[in-house]
Amino acid sequence: MVSGSYFSLAVLFLGALGFGLAPLGLAWLWARVFAPPKPSAIKNAIYECGLESRGDAWVQFRSAYYLYAIIFLIFDVEAVFLLPFAVAFTGLTAGACLAMLVFVLLLVEGLVWAWAKGVLTWA
Amino acid sequence: MSFTETKAGKFEGWNRPPVIETSDDGELLEVSMGPHHPSTHGVFRMDVALDGERVVKLKPVFGYLHRNHEQIGQTASYLQMMPYTDRLDYFCSLTNNWAYALAVEKLAGQAVPERAEYIRVILAELTRIQNHAAAVGFLAQDLGASGTPLMYAFREREKILDLFESLTGSRMMCNYMRFGGCRVDVSEAWLNAARKVVAGVPRFVDELEALLSSNEILLARCQGMGVLKPDLAVNAGVTGPMLRATGVNYDLRKVDHYGIYDRFQFRVPLGEHGDVYDRYMVRILEIHESVKILEQALKEIPAGPIMDPKAKLRGFKPKPGEAYGRIEAPKGELGFYLISDGGTSPYRYRIRPPSLVNLTILEDMCLGHNVADVVVIFGSVDIVLGEVDR
Amino acid sequence: MTNTLDQIFVLLKHWIMGLFPVGLQPIVGIVLSVVAILAVFPGLFAFSVLMERKGLGRMQNRIGPNRVGPFGILQPVADGIKALIKEDVVPYNADHIVHFFAPIVLVVVVFMGYAVLPMGRNMTFVPMDAGLLFYFAMGASAELSVFMAGWSSRNKYSLLGAMRAVAQMISYEIPLLMTSVIIVMMTGSLSLDKIVEAQNHYTWGLPHWYVFTPMGFAAFVMFAIAATAETNRSPFDLPEGESEIVAGYFTEYSGFKFAEFFLGEYVAMLSISGLGATLFLGGWSAPLEALNFIPSWIWFFAKIMLAICGFIWLRGTFPRLRQDQLMNFAWKFVLPMTLIDLVVTGLWRFLGEGWLRWAVCSAILLAAYLITARMGMRSKKLGPRSYRYAE
Amino acid sequence: MGVGEGSADLGLNSNIDQNLKIEMGKQGIFVTTIEELYNWGRRSSVWPMQFGLACCAIEMIATTMARYDLARFGAEVFRPSPRQADLMIVSGTVTKKMAPQVVRLYNQMAEPKYVIAMGACAISGGPFKQGYNVLKGIDRYIPVDVHIPGCPPRPEALMEAFMTLQKKIDGQSLTGEDRPRYHDAEATGEFPVPEPGEHDLEPSSNPLVWITPVVIR
Amino acid sequence: MKTVEEIKAAIEAAVPVARVEIVPNGSPSAEHSLLIDAAHGFAVAKFLRDDAELALDYLSNVTGVDWLDKEIVEKVKVTHQVSKTVDGVEAVVEETVEEARKHVVPGHLEAVYHFYSMKFKHGPVILRMRTENRSDKVELPSLTPLWRSAEFQEREVFDLFGIVFTGHPDLRRLLMWEGFKDYPLRRDYVEPDDFEYEPTAHDEVLARAKAHQNREQGSGNKDQ
Amino acid sequence: MLGEGLLKGLAETAKNFAGSFVSKERLITVQYPEERHPLPEASRNFPFLVYDGADWEAGLRCVACQICEKECPPKCIYIEKSKDKKPDYVGKMQIYPARFDIDISVCMSCQICVEVCPFEAIKMDTEFELATDDRFGGLLQDRKQLAKSNEYYHAIHPTEASEVDARLAEEKAKVEEKARAAAAAAAAKAAAPAAPAAPAATPSPAAPKEGEGSQPQ
Amino acid sequence: MIVFAILAALTVAGSLAAVLLRNTVHCALALTGAFIGLALLFLRLDAQFAGFAQILVYVGAVAILVVFAILLTRGSETPATGVFSRTWFAGLVVAAGVFAVLAWTVLHSAVALPHEFAAPQVSVAQIGNALMGRYVLPLEIVAVLLTAAMIGAVIVAMHEKPGKYEKKEAN
Amino acid sequence: MTPLAGYLLVAALVFAIGLAGALTRRNAILVLIGIELMLNAANLNFIAFWRYGPHPEALTGFLFAVFSIAIAAAEAAVGLGLVISIYRHLRTTDLDEINRMKG
């Protein structure tokens, strides 16, 4: 049953892939037959408000993005632990719930620290 | 001076834009915003350097709509320039007309009949209402509202444009005022239509305010944004709602007593913080005040001629001399400086555009803010490129 | 009769399957379901685009598209044909491979999410024990496609848009997960089918939807906010905020690749609406016991479309937030609220049956909301102002 | 040299009964041939670029607003990026400083693309043509499909122009001599961008699209 | 508010080295202006801004004006020493002749500033400064350090008239593109030859169009 | 409280959404090609030349005085005077325009030509559906295209037209009065026969009809 | 078996690409592919929860972290100098050696290794119960670790924010 | 059904590739990517052994893998944080260069 469901997923994957690719193929075919693409230096230049693009877009970004990503990662991992807990929650003892509360609070502490430290202030 | 320091950084010297220290974290991203950009209100361009999303350098670039207006003014006759003034600030052709007519009347010493003065006031205030409504709508558009406030603003603007069209013949380029009066007379039916439109304005403003004024997103994005200090504003020659939003009480309708504004009871709303929200609110409140003026003017308008009988359309040659006429246009002080050498066309025809001068401190207001805020601050200045570049 | 109607698609599928040899039947069944998913939701996408354009129009005192086909219903078809025949411009400087795959990854990932959504009674494509986790695993991958699109274009606006989008999506992913955890705690299962089943009971004819519990309601509001942000919809449409960064991460996309982003966005919106309906609004269960005769799938799609209407309504009304406000909102309001909600949900169980837990939980949540909201507003001194006048 | 490719498709194919076709499109009857489907798709989904230059831009905005509602034609999707836009409405004065940008934007649009020159300034420089910084008509550099006179044209006039454009699209064929430029593998896909020089734009026009009419007198 | 004469007196008192001249205005507006020598313009302007009574805190308008070289024909009585042979004797005789002498008054560029006071709500006070000539000595002091509002307006005057404002922090072209060589608002500016064709063929336009066509054809031939 | 303003905004859009189904005020779209927003009487777009009577060429009021050409701000009017003369509406021999072109791709619709015209010969049209793909052929209007009858003028600007007609009739009456007076004076002087009065008298029967403006000659 | 081969190939190809490609962002995207392959292998091993968790954490979060890190260090451009270290050969040898040893061990013990077991039915509830029961201590430790890692990573990666807008002290 | 050896071989291969990457790449981020691969290979081993182990219902290997995922994620966060920090100071992520700079 389990592998059967994976097979379904695989079919869905292939279907979605086909759904994504088919129109692109069709468009490509259309272009091949009727509207030959004519790329050229100006047309295929980077758009920048009608001006020639100055400098590169691939510059070094700011670490603020990274900080958010770290906190996100940690909470994502937390969710991985929270979900089994939540599933089992209805049958758990108060002690177990307390343990989870401690788990959550530990992470919240990290969040609060980050908040206080100004990590969550997007400059 | 109190404004040598801002939230964003420190001013270098007396009245230069602040110098923002860039963090060494991340590189600067140099972006040109404009001339084709959805929210530069035309073909304005800002060369921006971004530190993350924070703007650390901003250089406005003008001239993408420089249509040699002043040069044409030196070759065309005085009358011929009237339709060109329509195309300066193309939202407010009638106030442009008035400013130009005022300057020429000053230059030639012409009188304007009373009825014409009333008509001028009515049209100017209607213009102010539709300009402010559109400005608020565009500001909301810059804030990212998907058109709804702008649609409402234009809904109201269309009503006013209908009035303009039925009087002057054109929706936008009215070419209505003449030296010494106005071109055609208003009919009683028109006045009634105008009364109806004016009566509907407060309801529309309430609607717009319900949509925007207390919206938390708008509050968060506008309050404390692009703060302009009064002394810098004065020094930079900022005029109009932008100046009054900083708290400086300077309204040419009250200061210069031009036209017949002395006869009307109205107040000048003043801001306190000089931020985007104040500019927005001052515009909203000015609409209310304009409605008051309009109600009085529409009630009191006398009968009489609309043109000075001595006025001349063709072959108009003022004596050599010069005059600077200015009015309170919806965007600020609109001045015309004319030098006559006695010929049929001015020797020098100069426009003092409020939009251009109001942009002087764009850099100061924007530095240190987000890209998104730059768009909003820029929108709150309310410029029209036709006037900036001329 | 009601039952037949309710199961009409299931029956239809089985009937068609019966036409094939026994060995092929499971495969045919799967293919049929896949085809159904790939037909229904793009169709709904077209419909919701049209609805959005018309609905926005109505909100703005105008009519909206009404000339292409009767009442304009062929508008999306025309748009599709147009997109198909548009030239595909890829900047020379772009990273061609990544640029090509970004929209496809988005479309694939978005469609994968539908595998676990129960679209009606017995109408889940893959009923899975860890269905919710699967959904989020797929949802998390969408960020990558956005990044790919923005980065590969090598356009400043694209890259800014992509960075914004990724930052925004990761920030709101957490509240989305946490609100789901709340529902899972109440149900005791990650399976979406079980979650719907758990809500498909009635007291006095009224359903046991989770939205009708204090923490469920709070979670629903947070979920709605996070879902709006996750799908980059107004007022959280910063990644494509055209007044700032032109068209965001798909600035450099043309032709059908752009259409696929468009499609991906809407299909994701439909899918997350479906998830929201499943988690909080009882999925395919009827809102009143008396209305149970109406087929379950109608209820599911009705709820999705209702959610889409909500999205359109928001879009027609609100201006856009700014990046820092958006992030602050996620981390300093939505996340704390969901965490508090999480704790409250734990409390709910231990308070036992009765009115007390309703009162206590509601009070805690209300207090939490007031405190967090006030803090946010006060720290920046936001609020209406009064103005002075000069005579 | 002959007639440039851009101006080859300027003639309207008047043989086809346009009204009938519009009626058919309205009633949702699917036209059968691929060409007609193609033309129907193109004409029913013309997304303009969010591109305003001057006074006319305000009337263009007014056209999209509630009173006139260009959205009825499915054209309210003003795309800010040229890649996704089909129609460039040159709405207002093109100055010499702006002209290179306009041409570049036009180049960056994906085919098929159309241009409407809206208002006197865009067509010929209009009232400002006597000046030193105003381009005397955008058709010196890019092929214009529809001109709307007026200063500024009324919103209705823009809509009429839009419908004229739709008719024009309907009249185009996929193959054959009168096919549009982008169906021709030989034709150029790009229009040279003028450079701002010391006194004027260089070159002052694009011979592919602009053939100077001979002064008669 | 003070009259122009009073202001002149005040300036002379405060900045004694400055030369101030009243330029009368013939129009009914009667806004007379003050002509300040460029060397002390900045000091005078600073005085005007900081003076407690005037407090001209608001610079409204900056205008550039181009006054062309004027050819003035005047009749001058000139006394020549002419050597004449009078009665066979060469003698130097003084002779007075009336001669028409052409004499060129060199033109100048002028910057006109309109000041107001927002504090006292009075104005305008009009200040003019003139360059020495129109070609090489075109410097004027910039008032941007005193009033920010002059920043773009002075840049515009620089762009269109070519007045170089010394002390301006960012004197670049404002309206025309970088690399543009001319000053288009000067009265002797020659516009680029871009009238190729005019359907409404007015004579002067037609002449330009024809000239353009001839030139195009000429260059076309050359290319071939 | 947080959220209150948001809810207020939502209520506002909801009100408009619902209102659009019931109230004309909340659905202001005028569906252009089928419905039209009525143009106000004063509306103007491009100039046209008024002619009286049935023959446009003979009935043109324009006397090629070239005032409008001179006063036109964008210089879009081009007039060539005729070599010969023809009688005008009062019968005075007048030069007429051999060529009268208006380049509406330049015209800025300012109405100054109308204001300065001493002969009520040029008026503003309200026609705006002029979109064309032919820049030079479609937008340069010659005098044939420009000539529109007085009835047309009455149809688009009734009030103004009747005022104009009244004024013309008055003028004409004045001229006739003068002529009559002159004739009377001449007769009174009783010297030579009424040679000067003759040309003025000949076309006079047509005049009253024209003054009423209801009947063509 | 075929499925396994495909998945194994995907995983190995992904990892190889992640290690070999020149463009760093491509490496990161290939790494994502490898992670997906591994997740699918987990699914193949009936560890549904682990598989989805793998996708959620690695594809959804770690990959984002990696690409952010690349953009933050301007690593998206291929360096002009070689992409491999000067000691690449030694590294390769070591890696090959390690693989040889491992493969040898695996293949030699292959006979002893189990071949077939009934698929264990592991529900998420069981995992939850186990997690809250026997493994509650590791769970808390993981929480501490995560918090510590978060704080540590933030401190390391964070730029000194407070001093940003102020003039730097002369030092 | 695939024998356990197959999974172990794949894990070994991925581990070796990761090791090779970590040892041969210059870019510090790619070195971290290699390390991530090695950790994941270990995860695969855990899961495989759990699946083929005598007591799959005890969940030991399974949970070990889950914990390992968490720890590897934390490792990635800290590791990449370090890379960023180093980059900020030395303006490079090239390990060879970093070595040279450190002397």
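Here the chain labels run A, B, C, D, E, F, G and H in written order, and each chain numbers its own residues starting at 1.
Everything that follows uses one rule, which is that contacts are C-beta pairs under 8 Å (C-beta built on N, C-alpha and C of every residue); 3 or more make two chains touch, one makes a residue touch a chain.
Quick caveat, the model's predicted, so the values are computed rather than measured.
Engineer: Compare the CA centroid of chain H with every other chain's and tell me the farthest one.
Structural biologist: So the farthest one, by centre of C-alpha atoms, is F.
Engineer: My parser should flag the chain pair with the most contacts; which pair should that be?
Structural biologist: By number of C-beta pairs in contact, the leading chain pair is G-H.
Engineer: Taking each chain's centre as the mean of its C-alpha atoms, give the chain farthest from chain C.
Structural biologist: If we average the C-alpha coordinates per chain, E ends up farthest from chain C.
Engineer: Taking the mean of the C-alpha atoms as each chain's centre, how many Å separate chain D from chain E?
Structural biologist: 44
Engineer: Nearest whole angstrom, what separates the Cα centre of chain B from the Cα centre of chain H?
Structural biologist: 63
Engineer: I'd like the Å distance between the centres of chain D and chain G, where a centre is the mean of that chain's Cα atoms.
Structural biologist: A distance of 53 Å separates the two centres.
Engineer: Based only on mean CA positions, could you tell me how far chain D sits from chain F in angstrom?
Structural biologist: Once rounded, the distance between the two centres reads 31 Å.
Engineer: Residues of chain B that touch two or more other chains: which are they?
Structural biologist: As it turns out, chain B has residues touching two or more other chains at 23-27, 29, 31, 35-38, 63, 66, 68, 71, 83-84, 87, 148, 151-152, 155, 158, 173, 211-219, 389.
Engineer: Got the chain D residues that touch at least 2 other chains?
Structural biologist: Within chain D, the residues that touch at least two other chains are 50, 65-67, 69, 72, 80-83, 97, 101, 105, 108, 111-112, 127-128, 130-133, 151, 154, 182, 213.
Engineer: Could you pull out the residues of chain C that touch at least 2 other chains?
Structural biologist: 59-63, 84-89, 128, 133, 136, 140, 151, 156-157, 163, 166, 170, 173, 188-190, 242, 246, 251-252, 255, 316-318, 323-324, 377
Engineer: Residues of chain D touching chain C in their complex?
Structural biologist: My answer: residues 25-28, 37-38, 40-42, 44-47, 50, 65-67, 69, 71-74, 76, 79-81, 83-84, 86, 108, 110-112, 182.
Engineer: Show which residues of chain F lie in contact with chain C when the two form their complex.
Structural biologist: 1-3, 6, 9-10, 12-14, 16-17, 20-21, 26-29, 31
Engineer: Looking at the complex, which residues from chain B come into contact with chain C?
Structural biologist: Chain B residues touching chain C: 29, 31, 37-39, 50, 53, 140-148, 151-152, 155, 211-221, 223-224, 249, 251, 254, 267-273, 277-278, 281-282, 285, 370-373, 375.
Engineer: Using the touch definition up top, name the residues of chain A that touch chain C in the complex.
Structural biologist: So the residues of chain A in touch with chain C come to 4-5, 7-9, 11-13, 15-17, 19-21, 23-24, 26-28, 30-31, 34-35, 37, 39, 41, 43-49, 53, 56-58, 61, 65, 68-69, 71-72, 75-76, 79, 82-83, 86-91, 94, 97, 100-101, 104, 108, 111, 115, 120-123.
Engineer: In the complex, go through chain E and note every residue touching chain D.
Structural biologist: 175-177, 179-182, 184, 189, 191-198, 201, 206, 209-210, 213, 216
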